[in-house]
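Two complexes follow with subunit A in common, the first pairing it with subunit B and the second with subunit C.
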Partner chain A sequence: MSEISISANALTKYFGSRLVVDQVSFALPKGTVTGLIGLNGAGKTTTLRMLMGLLAPTRGHCEVLGVDSRSWTPEHRCRIGYTVEGHFLYSWMKVRESEFFQRKSFDRWNSVLFQQTIARFGISPDQVCGRLSRGQRAGVSLALTLCAEPDVLILDDPSLGLDPISRRALNATILDFVADGTRTVLLSTHMLDDVERVADRILLMVNSRILVDATLDAFCSRTCMWTVELDQNTIAPHSIPGLVHATQLGNRWQFAVVDSDQETESALSRLDGSNLQRHDGVFDEGVIAYLSRTRDNTSFLNAQTAGAR
Partner chain B sequence: MKFRIVAGSSTSIYRQIADQVARFVATGDLAVGEPLPSIRGLAKELLINPNTVVKAYSDLVRDGIVETQAGRGFFVAKRRQVYSKSERLRRLDEAIQGLVNQAVSLDFSLDEVSQRTLDALQAAYQNISPKQ
Partner chain C sequence: MSALFWKEFRETVRWFPFCLLLVVVFLWVTVPGANGIYGVDRLSGSLVAAAGAAAFIVAVALACAQFAFAQPTSARAFLLHRKQSARQIFHAKVAVGTLFYAFAVFVPLAYTAFYLEWMGPERLPTTWYQTIPAMVFSFFCFSFYFGVSLVINRPARWLGTRLLPLFASAITTLTYFIVTGPISIFELVILGVGMTLLLVLAFASRIAFESGENCAASATTKIVLLLSSLVAASAALATPSLFVGSTENSWREVVIDENGDPWLVNLHSVVGIHGDQRTERWPLVEYASQLAAQEVPEQWSPGSIHVEKITGQRERSWDFRELYQTKDGVWFLDNDGRILAYEYRGNQKGAVGFRVIEKKSIDGSSAQGKKRFKDPSVTQVHIELALIVDAQGVYALAAKDDNCDTLLNQPIDAGRQWSETDSSGTRPKLLIVVGRTVTIYHLEGSDSNPSGVKLVLDQTFDLENRLEALISFVWFPGPPNETGPTTWTWVDEMSLNKYRVTRKRSLDEKPISYTCEMPAKQTSYINSLTIGSVTSVGICVFVLLEMVCAYVLNANLILRSEYIVEPLWSAAPMIAVMAIFAIIATYAMARVRGLSTRQQIIWSLIGFVCGIGSALAVLAIYPQVHLVECARCGRRRRVERDRCENCNAEWELPATEGIEIIEPWENNRESRELLTN
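Up next, the complex of A and B:
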């Protein structure tokens, strides 16, 4: 197994009596891009903040580049790039001043990379941060993070509110960052299309827990969709092996199933509907099925059984 | 030769790439022995994870459409069949069924469909050099 860059072990966080992150464990290998996906309030930001050492976990622990997030030295912190949700910048600074301000905190600083990254987002160094568009703010904040040449990049919803051109620039920047295979990215996002393009792995978080930890490939090949036309309005979910989520549109039912096998197929044909069809490898529908499934917290698909490394 | 991919489609990205290479080979845009775009180059052009291109190319190698030469990259393979006769028939029938479904639902007459299909087939087969 390859070297692990980011890991969490039974990471748990309570705010008062409210459980926000529930026994989250994962291990992300070096050189990979991981998409952390989940609904608003699922616990993604809290997980990332604990990874960055900005919040103390109630229980469990987490490590980035082999050091517990609660005991980083300033030197270690320089190796980890982090952008917060909303891309905060000091609004009265010019772009070049924000670079000057930021570089004081770091040992390494690559000014050429800064110029290249802001150019990709169409920003000039003389613009005032407060007057930048959201996409440009994302560009500056990403550039400020990348210039310190970190080994790990943790991005909290970087594509929030970005236009298509800025999203493209963001994806290109992420792919460039990992191109030599020695650096690792973890990003939380709602953009499933972007995840499908740039990610190697996904972590799917529902109700404070990780339901899926798999490579994109394993996720797509193990999740499939069945559609069937039925006259009935209810079905017993437990009658279908591997069922993740069932949705009904008129008399057309769609079943998202993990590890569909002979038994699944015969259970589905026992429903006695017409026009039973199978569709494979549909990434976004698979993700949406998991996110829609809130009743039951058991996972059919996790790292151990997926054999996904 | 221009690749085009769509994320969020019902066909996964690696499948879209593999299908397009297969089509370029079928139409003669990629001749036997010609190199495929490099993995990094294509990933950069399409703005996707390089592993997705790796997966597409390895599927093409498995299907015998492409061969790999260590350290030199991927090349269009000499046509050879890795499937049994019955599997080849099954795949052909599956593809034909898709065509038939579309033709019927789009309200084309039998003559129109057969003429256009024949033209396309003839164009494709002309590009393939006769068997040596």
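Up next, the complex of A and C:
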């Protein structure tokens, strides 16, 4: 039986009167990679900060490796790797000094891995962190996180600033990391192809809530896209069961639907459109449909073209 | 831990040159040079101001450098996510901060102490003692380091209650008064309060750093915020008093009443409730016993020429003499350092024990001296010669043969002159300030024949632009010493510097007690109370503390001194009104913050005791609450509680929209049951 590595139970956070995380619950099993996806401001980083014990939840609680995040010991914290958003490094430190500082702060340390990682990014140990490029900073930050050999890896937008090759290498690293089935990764990112490539599960946050908590396969099998050509400019959203989002591109409409069945198809047929087609297994379109429920995904330059739900 | 210390050291050392330079510059402009005799007056006070200002900036800068840059979310997460606990990280920061603060502040001060000792007293009247007040003050300025740390780390609104801990820091540095006033038990109390607040601030800032946004305020943080709030409220409410006080002044005069009794009266510029300025007065009993037999001067217009002589070390003494010039002569009054005791409302009070030493004619032709008042119980101070300086010149007034000789016939600034008149075996000297020039004269002639003395120019100094510095400066060149150079005697405003007073009275003399009755009408001055008679402090400090202070410390915090009532309970209605106002305000704030009924009652009681600051403390200590409507009972409930405080309902799950995909992992149901249990 798999164990739970990371869990949240009715996790809620208010900033003043603003609800940022709304009763979020999930349980992530050991040996999996989970992608946490959401728009900017959806509550992803806040959720991660609560998981890491850096922010107190207003209500609810969360655990990592079976210990409540608010009562971690320093030894327990050493078992968890965390890259903060933006790849923070002390700009006045040299890369070598950064490694020294981190090495002295964790129980385990793989110096060889650190040397190999920074060499891959073409970084010299004597370079000052403040003068590194964004991608190089990301490389040092990831090296500092991975070299502590944690049991759980929580990555907050790790691919920010990485070139395609480095991103591909990061994905491979994540897969290697969980290969033995004893370690867990929670990956918060906007890169849907990265998630599709490495993740077993996804958590999709929309408007402070978790709308999707499923394996990648389950998500792809339960969502599908319907396209139809219509003359009308508006539709009634409630007329289509399981409609996640509808997008209009000229006279062509695209409907993202969850758990599509015969009733869905009948509802779409009643729109009197032509060329009705179903497309399955489109991960990124399904995710974007969920995310588009709160924010328009059409061109900034074409404000007249608005999607209708 | 060593890596943390190393990181903090490397990170903070960049600011050290700035801190060191700041302190050095402040001290450099304060400490007099080899020829700068004019800087030695008030030197210890100037050092306190300079070192205090520099130490304040250094403490704030260090705290900002160490804590503010670690405050952003990513930086804080990176720093805290390691094997060391938040407490250890905080300790490393404070250790480094303390180290740099000590080096930046106390090393320059130590060098200054060495320099002053090296310069004085032969070349300059200086000593390393003069740096002690600055060192004490600088030590307590370190409280601002913890205050700023607390401000930075505490999750609160910047424009709300976040700045309150700085008031606690300010209170800690009130220890400044330790070194400015005379020794008393209150200094120890202030020192204890300062040290305690310093420790509490340190604990509170540590807890604030540990918790970050993680938990509500701890007990120590609450204590700091409570104290800060009281101080803040007091400061805000007392501000009008500062303006009132600045326009109010008082001065002494000798006034003869209708019975011919002389009184020493403290006149205030602020008119009393009876339209009478004579709000405080003391009988000049001994003087009266003499004057009763004489005609009462119809025009008694004393032009007070104040001759102050400070004696002893850190001694609270009113040892001064006054010359009152009338149209027909000069009255020479002396209190000889005696504080007459008399009983007033059951308490021992002090009064100035004046004695008329002599009455002389100032025109030099007719001496109308009275017989010297002789009190066998008092060691008589024998005045050989008095130097009187007025707008026309300098006169020598001989006590023995009633002669008054003109020593210097030139207009001088009588407002700034000091004369040493006590002929205790040394040549008296006279220091006169005219414009920017200081002239020192010495007397030549026989002490046994004062009429033959001459005033001879001794030295002249140019004050340059430091004239204002001499306002409270008494500086005497001492008699030549056969064995060494001239010794210097000086007194500046810092009592610590009085260690080097070379002429001092015997401290063995015991004060003589007198008993006299206060006139009945003195106690009947005050018979009504208005809101204008309430002090600003009184608005902040309410019933219980007020009563304790009034009884134990014999101090009146609620009413101004001229409104002292007999008994104190007659002010009870007004005190009650203010207390009720404080209770209501504190209760209202407790409700706004959503406290329980029990907490509301407790805070109302605190408001009853501690005053209006308690309401501010409630706002500072408890976070702003957000209420939402309960789905079951419809009433407002707090978002951070698991159950509704009204109907005990749990939170309902958000309504589903039919598009959620919640797929448990293979053992999800089992694991969630585990979590629930």
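Here is the rule we use: the second predicted complex is superposed on the first by the 292 of 309 C-alpha atoms of A that agree within 3 Å, B and C clash if a C-alpha of one lies under 4 Å from a C-alpha of the other, contacts with A are read in each partner's own complex, and residues count from 1 in each chain.
The rule is simple: contacts are C-beta pairs under 8 Å (C-beta built on N, C-alpha and C of every residue); 3 or more make two chains touch, one makes a residue touch a chain.
What you see is a predicted model; the values in this text were computed from it and never measured.
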item: Clash-or-fit label for the pair subunit B, subunit C on subunit A; value: fit
item: Which of subunit B and subunit C A:278 touches, first, second, both or neither; value: neither
item: Touching partner for A:85 - first (subunit B), second (subunit C), both, neither; value: second
item: Partner chain in contact with A:223 - subunit B first, subunit C second, else both or neither; value: second
item: First (subunit B), second (subunit C), both or neither touched by A:74; value: second
item: Touching partner for A:172 - first (subunit B), second (subunit C), both, neither; value: first
item: Chain touching more of subunit A, residue-wise (subunit B, subunit C); value: C
item: Contacts of A:211 with subunit B and subunit C, given as first, second, both or neither; value: second
item: Contacts of A:192 with subunit B and subunit C, given as first, second, both or neither; value: first
item: Partner chain in contact with A:244 - subunit B first, subunit C second, else both or neither; value: second
item: Subunit B versus subunit C as contact partner of A:33, first or second or both or neither; value: first
item: Gap in Å between nearest CA atoms once subunit C and subunit B share a frame through chain A; value: 15
item: Interface residues, subunit A side, partner subunit C - complex; value: 1-2, 4, 7, 9-10, 12, 14, 16-17, 22-23, 27-29, 32, 45, 49, 52-56, 58-59, 70, 73-75, 77-78, 80, 82, 84-86, 88-90, 92-93, 97, 100-107, 201, 209-215, 218-219, 222-223, 241-244, 258, 290
item: Residue ranges of subunit A in contact with subunit B within the complex; value: 33, 168, 171-172, 175, 179, 192-194, 196-200, 216-217, 220, 279, 281-284
item: Residues of subunit B touching subunit A in the complex; value: 7-8, 10-13, 15, 40, 43-44, 47-52, 55
item: Contacting residues of subunit C [partner subunit A, same complex]; value: 2-4, 6-7, 10-11, 14, 73-78, 80-85, 88, 212-215, 624, 626, 639-642, 651, 653-654, 657-668, 670-672, 674-676
